[in-house]
Each structure stands twice: as C-alpha cells, then as structure tokens.
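There are two complexes below, and they share chain A, which is joined by chain B in the first and by chain C in the second.
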Partner chain A sequence: MIMDSDVVLLGTDLPSSILAAALAKAGYKIIHVDPNDYYGGDHATLNVDEIISWANLRSAPAENERANDYLAAQRDRFVSISYRGTPPPASRQYSLSLSPSIIPSVGPLISTLVDSGVSRYGGFKLLEKVALYHSPGFVQNVPNTKEDIFNNRNISLIDKRRLMRFFTFVSGDFEDKAELHGKQSVPFIEFLISTFTLERSIAETIVFALAFCSSPQEPALPALKRVRHYLGSSGRYGPSPFLVGHYGGLGELVQGFCRVSAVSGSTYILSHSPSSTPTGPLARRRYSISLTGLDETINCDLLVSSIESPEPTSVGVATGVARCIAIINKPLLFVPTEADTPPEGSPPAMDKVVDTALIIFPPSVLPGGSETTAAHVLVTGEGSMSAPKGNWILYLSMPLADSKVSAETVLQPYLEATLTLADEGHQIEPTFSLFYTQLECSSSAHDGRLLVPQITTLISECGDSAAVVAEEMFRETVRALDGLRRERGIEIAEEPIPFWPPLEGEGSNDEVEDW
Partner chain B sequence: MHGVSRVKQSQAALEAKRQRERAKLKEYLALSDEILSRKKRGDLGMESLALTTKMLQINPEFYTVWNYRRNIYLGVIFPNSTPEQINETLERDLVMTTIALKAHPKVYCIWTHRRWCLAQTPEGPGREGDDIHGWRMKNWKQELFVVEKMLGVDARNFHAWNYRRYILENMPVKKPDIDELVYTTKKIQANFSNFSAWHQRSKTYPLLWESNVLDSEKSREEEFDLVRNAMYTDPEDQSVWVYHRWLVGSGEDIELLKREIRAIKELLEEEAGSKWCMESLVHYQTLLVQRHYAVLGDGEYGRLRANSLELLQQLETQDPLRKQRYRDIASSFPSNQ
Partner chain C sequence: MTDNASDRSVQVKLVLLGEAAVGKSSVVLRFVSNEFQPNKEPTIGAAFLTQKCRLEDRVLRYEIWDTAGQERFHSLAPMYYRNAQAAIVVYDVTKATSLEKAKTWVKELQRQANPNIIIALAGNKIDLVQNSTTGSSSVSESEDEGEPDDATATPGEAGGSPALDTENVRQVSRDEAEAYAKEAGLLFFEISAKTGEGVVEIFTEIAKKIPIEHILASTRGSVGRGGNGGRPGASQQGDVDLDENANKARDACNC
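Here is the complex of A and B:
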C-alpha cells in the first residue's frame, strides 16, 4: 500500500512540530514520523521512568544490540550520562524536560502559540524571580524595573542614575545611536563599564542576570538586543518577563502543535524510522520512503529531517552543554544578602519560598566552579504542574568548552551550592539526579532533504529560536513545493501563504462601537 | 476605539446597526422623560424608585436622577422603615454603586451617593459601646476595602485618594495614622510617579508629628533620603520634585537648604540638561537669598544670582515654549536690598 503526501517530516522536535502544524493548516498533506514512542525528540517531556530509559538507551550500548541509525546519532549527541538516587514513587507525576526553557512574554514563540491556537491547549506559570547566587544560603536580587532600582538599598545614588540611563538606552532603538557606534563587537561588559560608567558589579548583574550571557566576553550588540527583548516583555502577563510552560514546557507545546497538525489532516507515526535511503523520482512524486516494520511505502515531494547523525567535529574538541536534572523534596528559599534586605517600616517581604525561579551563577562566584562561564539553574515546582506537591525539579545547565570533562564533575559544585538555599538547617540531598552532556551538532544534507537547524540552547532563547527556525523552514518548504508545482504545470496561489491563517471562532465582533 | 480592530461592515450591517441605535435612543429618551415628569409631579413611589435604578444603570452621570432617588428615600421610604431596613437599603445601594464604579471609576455622582449612604447609616445594631457603631463600622470598613481595590487598579485615581481621606477622617472608630503612612509607602515603592501618594504622605506626617508618634527631624531626614533616591532614579518625574519642595518648606534651615542645593547640583552634573534640576536650583537659591541674605553676604549673593540667571538662560533655550516664564522669574530674582 502506498501513502501519498506532500511532505514527510522526520522527528517531532519543537521546530518540526511547529512546521508540521503550519504546513497542515496551509493545506499540505503531511506525514510526521518519529523513531521514539513519544513526541518531542530532543525537546520531549518525560516522566522519571521514561527519562531513565532515555538515559540507558543512550549510554554505552549493550553488547548484542545493533543500534539503528537514530540511536547511533543520539549516542553521538548525548554523552557523559550518569544518574543516581532512587526514582520517586509517583514517577508519572513528574514532567521532566530535555530542553528546559523560560519563554519571553513577547516574542516569536508566544506569537506563534497565539496565532496557531496552540496557546488554548496549555497553561503557563509566570517565572517568579531571577536571582544571582551570592554565597552559601544567599542570593542577590536583580533589578528589572525602575521600581526595583528605586527600592534597592545596595546601589549608590549616582549608580542608580547611570543604571537608569542604561535602561532607557537599552529599551529604545539603540542600533543607530552614537553610544554604540563602532562598538557592536566589543565585549559586553567592557561596553557597559566604559560607555555608561557603571560599577563592575552592576555591569556584571546586567551581563549575567539581564542578558543571560555565558561569558562576559560575548559581544555587545546581541546581548543588548536580548536585554531589550526581556525588559520589554515584563508587564504583559505580570511583573516577570518570562513564562514557564506547564507540564514540562517545550515538550508539552510539541504535543499541542502535533495535535493541531493532526486535526488539520496530518498522519502521525511514532516508533518508526526510515529503513533505507529514499528512492525516486517517481511519476507524480519526488521520493519514496519505507519505514522499518511497516509494509506501506510513503511517497512525498519533500523530506524534512531533524534526526540526522551529527558530523564528527573536524577541528579540536566538541563543545556542548552540561546538564543536570535533579529532584528535591525540600523547598528553596531566596534569602537576600543583608545589604539587599528592604528597609524597616516598609511592608514585610513576600514569602521567600520559590516555586518557579531562575538562579544565575556568574563566573568565579563559586570556588570549584568555572571562572569563565556562567551557569543557570531553573527551579520548577508544583505551580508549573511539573512536580507533585512538596517536590521541585532543578535544571542545571552550563556551556562546556571541553566536552571531555564529565557533566557530573562539572555540575556537582553548582548542585551543592543550589542546595544550600534550602530551608535553613537542612542539609539536603536530591532524591534523584541525572547528568549528561548535550553536544553541539551539525549535520550536512544529502539526497536533497531539508535539515531542520539546531535551536540555540540558551534557556531564555530556545523557545523563540524554535519558532523562528520553523517559520524559515515553512517559507523554504512552500517555495520548494511551489517550484515543483510550477514544473508540473499546476497552478499556485498568487498571494503568499501566511505562516498561520486567521483563527476561526475568534472575534468577528459586529458590536464594535465606532467612536 | 483603542485597541479594537475595525471590522469592515457591509451596508446592510451598518444600516441594521443604525436601526438598533435608533431604537436604543428612543427607549432612553422615553425613560428619561418618564422619570423627569414623575419628579416634577412629586411622585415618590416605589415604581419611580425602580425607574431610577434602571436609568442609573444606563447613565450613572445623570445627577438629577441620583437626587431624585435620595429624595424618595428621605421623603417616603426611610420615615416608614425600621433602622434595620434602612441599613439594608443603604447596603444594597452601596453594592449598586460598587458595580457602577467598576465600570465608571471617575464619575463624581457615584462617589457622592456613596458618601450619602455612609452618612445616612443609622446607629446600631446595639445601643451602647462598640455595638452602636456596628453597622457604620461595617459599611465604613467596606468602603476602605473598595477604595483600596480601586487604588490597586489605578494608584493615581485622585477621586479614590480624596475619598480615602474622607473615610479615614470620618470613620467612627479611627485607624491609626501610622498605618496610612505604611500604605503610602507601599504605593510609592510600587510606582513613585504618583502625585496622590506623595500628597497623602504630606497630609499624614503632620498628624503623626503633632501627636508625637514620630519625630519630625528623623522623619524629614528619612524622607529626604527617599526623595533623593527617586530623584536620581528618574529626574524627570514631576511628583518627586513637588514633594521635595514641601519637605524643604519655608527654607528656614539654612544648612538644609544648602545641602539640598548641593545634592541637586551633583545630580545636574550627572544628568546635564535636566529641566527639573535647573528649575529647582533656581527656586531654592532664590529662597536662600530671600531668607538668609544677612548671613550670606554680598559675594555669595552675587554668585547665587549669577548662577540662577545662567540656569534660567539655559532653560529658555531648552524649553522655548516657556521662554516668557523663565524671563519673568529672572526679572523677579530678589535684589540685594
């Protein structure tokens, strides 16, 4: 039997799922395949048992097993895997993300969620706080708004003025401003200190806790754009710029997009991968593909893949991100350092227990930690529907210049330091923790298939990156398909197809008052 | 209308809309005529009361109808009710106005009617002690709650602030003034660009100083610290400068005046061209010269005068629309007689 389609998508990671939904809504016939028995690929949300299987499959292979192409690619991509502790009893109540993320309230991902209608399927929690780790048991608040600066007792009057001047600059159209002229590639921290006469500690707060740079040497312009983006996102849904998706974030969004795609007519096939290279061209379609274990062949005009084998890196050591997922059953408290404590007579500080928050470890703050790179720790609790009551998930991530060091060695000091923030007096251990390194990968296209680019791994950018990649792929796909149609003498629409068509059932409001 | 996209409508749809509007208008005018003629006749019956309820839901700004409603209450309904019934009626009206305020938070007549309801609340439920104020305290506390909700939605609604002062002044059992200070602190920390919150502080502090709850020296110092933080965070915010002027007061304390002038000068150095810095410097330097010429002497006077005139020149160039005002201020700078 033959299944006919316009596009076959291999891999249900986030950009591919967004693409599948957009193509399906635009009227194309889609078949979406994933080798795993779950949706999401490298951006999936898994429960504890599932993540242990995930880890086992990708660790050194059992002797008699013949890895298929997909698993081999995964084993090249995920290395240095280790875990310890006892999986908690209520494994299914945990939603662990392979790609933890915080989503800016304004941006390509939110727009795509709204325009596609997927926002209606899911819920989000506002990130409560971003704090800088200061010393065992203490964090430093991060000023985000004019009010934060005003209320902060830690900054001198002159520094407040200069910091506000920076906020005003960065919130506007700075690309053509004199202050930036010729300095776009200057290391961000140097730019801040020299152009705004900012104190080094304040400049560091901006670099690491507002721009989320990994290294102070990162160039000024992209960092400035991020700061502007995030400052401009605060206030839309609440005081924080960021949302955290319920049930594990990106993995849950994948399911929303796949649902939209399926509802618009796409076919979904899990637990299968291509059995060999596609053949073709055929009479009415370019390619014919078969999947292992399936009798049917699939004909299509275009193959879009996100599950390729990574290329062996040609030069030097591979870079990547060291990650840790840990489960704890005691709450963390964000206790400000003494200098940060609000003055007497002002209303009592809010409950300091955090449910969903981000901790930044700037370089050199931790003895035994990195002196060149920052680390991020995302805490998610019951409020984000990712853990049962009384439990929290910690996601640690840090870019690695040298992937030969084990993820556990690199991240263990950060995990311990984070745990010093627990309810005072308790020396706590995580109930379960998993460590691994995710290598940066590139693949090259062969046999004319389109490859879905990797999304960025920065926690505040990965979501938007997926939406941007998806839209670019959408244009490219539509262009390719239109080209084929033209060749075949089939008519194509005059007007360019929008990324998302208008949603049905929304405001056709004929009670609009004309003023 | 802001934020609502225009929907292209066909001729038929537009015509249908016009028809509906015409019908609504006709209905409204009929109701209005009916009520006004009843009022003229002196009809104070229950049916008329019901009509006023209907009208005020549509148009709460129709103050005549509010007056009519109150006349019905006072003329017929209250004289024939027990205190419990009066209290219940007033509570219902308070609920009605709360709903109206959500949609129309700045309509004067709604606030007026609430005040009237509060003033009309009879003594009770009991005869003595706290109980005699039972109903009133319940209503007044509810008022405070409503006003706080409104200030939560819009901290700069001066109607709400005025009303808040009215409640605090007239509650049968008063709240401590220090609580009010804490409340304004909360509002200012949330957003210091708030004339009303600063103004409230300037009303609350004198009460606290008079009753010796707080020491005026210490408070002023703390306030100067707070205001300076605000000034440096946003030198363009007018409300902060207005409050600062109140704090400095008549300028009797020469050291205070000199110190504040210094602080503002430092800010001006950091933020060249700040209009408020320059204007305030002129204002305070004028004050200094007016009150303390004897101590300053001619030399110092000359320096202050020259600097003030220079600042005013700069302001003229920077803010040409107010040129004449700055010239006026310059020409009335005190002479050294």
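Here is the complex of A and C:
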C-alpha cells in the first residue's frame, strides 16, 4: 500500500513537532516518523523504566550487535552513561526529561503554544526560586523583584543606585546606547564592572543568576539580551519570569504539538525508521521511502529530518554537556547564608521547602568543582506533576570543554553539594541517579533532505530556541514545496502562509465551548 | 472564559479507543450533536469535543478525546491517557477482529491509564445486523452507508467467515462480548451510531459510575482543559494556565 504525503518528517523532537503542527495546520499532508517508541527524541520525557532502557540502548553495545543507523548516531551523541541505585516503585509516576528547561513567560515558545492551541494541552507551574549555591547547607537567594533588591540590607545604597541604573539600561533598547559602544564582545562580567561600577559579587550574581551564563567570559551582548528578555517576562503569570512545564516539560509539549498535527490530518508512526535512503523521483512525487517492518511505501516531495545519519566525520573537538538526573525522597531546603537574612518583619523561613527551583553553582564556588564553568541544578517535584508526593527530581547540567572526562566524575561533587541542602542537615543518597554526556554533533544534509538544526542546551533558552528553529524550518519547507508546485505548473497563493493561522473558527474545541 | 460558581459541573475526560473504522468518531458525533455522517472521513478536525450530561442534580461535562488517527500505527502518546476518568472501547459487531483489537486496547488502558478508570465496551453498527437477526434479508438499506473505511480496513483479516456478504453479518455475538466485558469488569453496550441506539446510554451509565463527589473533593482530580489537573479556583499554588492568565497578564504589564 502506498501512503502519499507532501512531507515526511523524521524525528519528533520539539522543533520537528512544532513544525509538523504548523505544516499540518497550513494544509500540508504530513507523515511524521520516529524510530523510538516514544515521542520527543532527544527532548523526550520518560518514566524511570523507560530512561533505564534508554540508557542501556545507548551504552556500549554488546558484541556482534549491529545497531541501526539511528542508534549508532545516538551512541555517538550520548556517551559516558552510568546509573546507580534501584529504580523507585511507581516508575510511571516520574516524568524525567532528557531536556530539562525553564521557559520565559514571554517569548517564542509561549507565543507558539498559545497561537497553536497547544497551550490547552499543557499545564505549567511558576519556577518558585532561583538561588546560588553558597556553602554546604546554604544558598544565596536571588531577588525576584526590584522590591526585593530595595529591601535587601546587604546591598549598600550606592550599589542599589548602580544596580537600578543597570536595570534601566538593560530593560531598554541598549543596542545603540553609548555604554555598549564597542563593548559588545567584552566579557559580560568586565562590562558590568567597568561600565556600571558594580561590585564583583553583585556583577557575578547578574552574570550567573540573571543571564545564566556558563562562563563569566561570555560576551556582553547576548547576555544583555537574555537579561532583558527575562526581566520582561516577570509579572506575566506571577513574580517569576519562568515557567516549568507539568509532566516533564518539553517532552509533554511535544505530545501536544503532535496531537494538534494529528488532529489536522497528519499520520504518526512511532518505532519505525527508514529502511533505505529515499529513491526517486517518481511520477507525482520526488521520493519514495520504505520503513522497516511496514508494508506501506511512503511517497513524498520533501524529507525533513532532525535525526542525523551516522557520519564518521564527527571526530574532532567535541563539546557537550554533562548531565545528571537524580531522584531524591527528602526535600531540599533553601536556607540563606547569614549574610543573606531577610529584614525583620518578613515571614520566617516557612517556605524554605521548595517544589520547583533552580540552583546555580558559579565557577570556583565548589572545592573540587570547575573553576571556569557554572553548573545548573533544576529541582522539580510533585507540584510540576513530575514526581510522586515526597519525591523530587534533580537535573544537573554543566557544559564540558573536555568531553573525555566522564559525566559522573564531573558532576558527582555537584550532586553531593546539592544534597547538603537536604532537610535534616545531613547528606542523603539519591534513590536513583543517571549520568551522561550529551555531545553537540554537527550534521550535514545529504540526499536532498532538509535538516532541522539542533537547539541550544541552555536551560532557559532551549524551549524558545525550538520555537525559533521551527518557524525558520516552516518558512524553508513552505518555500521548497512552493518551488516544486511551481515547477509542476501549479498555482500557488501570493500571500505568505502564516506560521499559525488564527485559532477562531477552526472547528476544534468549539462545540459547547462555553468556558 | 469565566468559571462561575453556578456552573460547577464536574469535568470528566473520556477517551475513545478501538480499531480504525469501527466508528469511534461517529459515536461521539451522535452523542455531541445527534448527527450521523454516512461517509465520514477518517478522523480529522477536533482536538476534543465537550458535551454536558445531566445526572439527577449534577452536571457532568464530558471532555471527549478522539484518537485523531494516532492509534493506527500504535502511536498514541501518554498524554492521551493521562487523567482520563473514562474510556469507551469500540468494536464493530460485523468484524470479529475488531473485538480482539478492543481487548488489546483494554489491556493498554489497564497498563497506561489511571487505575480507577471506568471502561465501557461498545459494539457498534448493530443497525447492520438487526435485519438479519429478525430473518428479513433487506440489508440493502444499510449497504449504501457502510462506512467507507471498511473497504480499506477489512482486507484478508476477516478470516474464518465464509459468508458471501461479510459486511452485514454479525461476527461477534452479544453473548461472547458481554461475557468478556463482565470478566474484565467493563460496562457493556451494543449500539448504533447510525440510528443512535444505545449511544446516550453509554454516557449516562458511565456518568453514574464516575465518583463525582470524590472528584469534587480532590483538587488534583478535576480535569483541566487538556486533562491537566488543577483548574483555577481548585488549583495548586503557582499553577499557570497560559490562556486563562494571558489577559490578566496584559493588565499586569501596564502597572
């Protein structure tokens, strides 16, 4: 049997899933294929059993085993995998994300969620707290609002004034301002200190806890843009600029986009990969593809893929991110350092137990840790529907300059330090922990397919990056399809197709829609 | 966009399952708009439909999720099952294999869904076999509406049926399906989306079994739009609904 389509999309990672929904809504016939038996690819959300099997499949292969192309590429991308502990009971109640994220409340991803209607499928929670790790058992809380800064007794009046000058600058159109002239590529920390005469410790807080820089050497301009974006996001849904998605975040959103895509007529095929390179051209379509284990042949005009094919060219300096996912059954307390005590009259530290938080380890804060790079720890609990009551998931991540060092070696000190924050003051053991390194591979297009670029791994940017990539790919795909139609003498509309047409009157969800 | 108190209906997420072309969408269409489209295309178009169902002094608002075709290659996402309080598993009484498929969907529900989910098994298309069971052979009336997808869905699968006109012959006896439903703890109905027979009954019988008080009592149990727990008013601290809060947000930005 032959299945006919305009586009075959390979891979259901977040950008591809957004793309599928947008193309399907624009009227294109899409067949969306993923080699995994779950949605989301490298952005999937998995339960504990699933993530163990994910890890096992990507670990060193058994002898004589011949991996399929997809798995071979995955083994190049995910290395240094190890796990410890026993999987907790009720594995299915955990939603573990391969791509942990916090989502700015204003930005491309939130717009895309609302405009596509996928927001009705997803629930979100505000990120409750951002804190800098200080010393065993203690953190330094990052002020959420300007009022918090005003009320902070540990910042001198003159520093407060300098800070306010910086906030006024960074909230505006700073691109053309004199302060930035010729300094766009200056290390962000130097820029803050020299231009705004900020104290180093305050500048570091901005660099690591507001801009989420991995290194103080990052250039000023992109960091400033991030700070502006995040400051502009606070207040939309609450005091925090950031949202955390329910049920594991991006992997859940993937399912929402794929459902919207299916509702608009796309066909979904999980657990299958192309069995050969596409052949063509055909009479009506350019390519024909067959899938392993399926009788159907798929004809299409365009192949769009987020799955790299294994090319042994990826040897060279690989950069990547060391990651750890750990499950704990004691809450973390966010006890401020003495220098950080709240002014009198504020409520005592009742709310120190936090469900959803981001802890940042600036460079050099941790003996034995990195002296050049910051590490992030995202904490999610029952409130984000990602763990059963009384359990929390920790996501550690740190960019790696040298991918030869194992993820466990790199991150274990950070995990131990994080656990000193646990209740009762003594260190606890995670019930389960998984370490791995995710390498950044560059891939090149061959056989005429369009490649969906990789998104950033930065925790506060990956979601927005997916939405931006998806919109670019949407334009490129529509251009390519239009070109083919023109070649075939088919008239195409002059007006550009919108990324998301208005939701009204599309017929979904409007029977007895009275909420 | 208002959730006013007088309309304190209980939301119940209900998912449909069953082999392609057994008439899942037709069952919903009959229930929601009391319509039947003879030559309905395979499911396209609705994210989910909502329909109120009055039961004594309570109003249930069913949020009905159709598979959107994602069942065809076994590609339903965990999100589909999440927080579903009820499921209707549909088979076609004229197609024996569809009951076997229904049984695998029931297993899938037991594996994936909320353990307290209420499952109804529904044998659809009894209008096609009612004439033959009464001895009359006037099947022609049904013939022209035989759902078009049958043509693509049946090849070679209806093994064991020697009848010339397999389309309109009952292949699943009521007794057999009912016995299975009883054993598996499912509600059981034979229905016709075409004539409407039995359709409303499924939804009212499910409504009777839904633990309404329990749902009202627990904040987590209420199904949000899209099945995520925690609606405004009954929501967890810090929960955000992008659509609901967006308007407020615009106000917030001005100050």
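Rule of thumb we're sticking to: the second predicted complex is superposed on the first by the 486 of 515 C-alpha atoms of A that agree within 3 Å, B and C clash if a C-alpha of one lies under 4 Å from a C-alpha of the other, contacts with A are read in each partner's own complex, and residues count from 1 in each chain.
Operating definition for what follows: contacts are C-beta pairs under 8 Å (C-beta built on N, C-alpha and C of every residue); 3 or more make two chains touch, one makes a residue touch a chain.
As the structure is a computational prediction, the values presented were derived from the model and not from experiment.
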Which of chain B and chain C A:A262 touches, first, second, both or neither: second
Partner chain(s) touched by A:Y247 [first = chain B, second = chain C, both, neither]: second
Partner chain in contact with A:L157 - chain B first, chain C second, else both or neither: first
First (chain B), second (chain C), both or neither touched by A:G117: second
Chain touching more of chain A, residue-wise (chain B, chain C): C
Contacts of A:Y39 with chain B and chain C, given as first, second, both or neither: second
Chain B/chain C common contact set on chain A: 508-509, 512-513, 515
Complex interface listing, chain A residues touching chain C: 39, 105, 110, 113-114, 117, 119-126, 128, 235-238, 243, 246-247, 252, 255-256, 258-260, 262-265, 267-272, 294, 355-356, 383, 385, 507-509, 511-513, 515
Complex contact set, residues of chain A against chain B: 146-147, 149-151, 157-158, 160-162, 164-165, 345-347, 508-510, 512-515
Residue ranges of chain C in contact with chain A within the complex: 1-3, 32-33, 44-52, 68-70, 72-75, 77-80, 82, 224-230, 236-243, 245-246, 249, 252-253
Chain B to chain A touching residues, read off their complex: 1, 4, 6-7, 9, 13, 17, 182, 185-186, 189-192, 228-230, 232-235, 266-267, 270-271
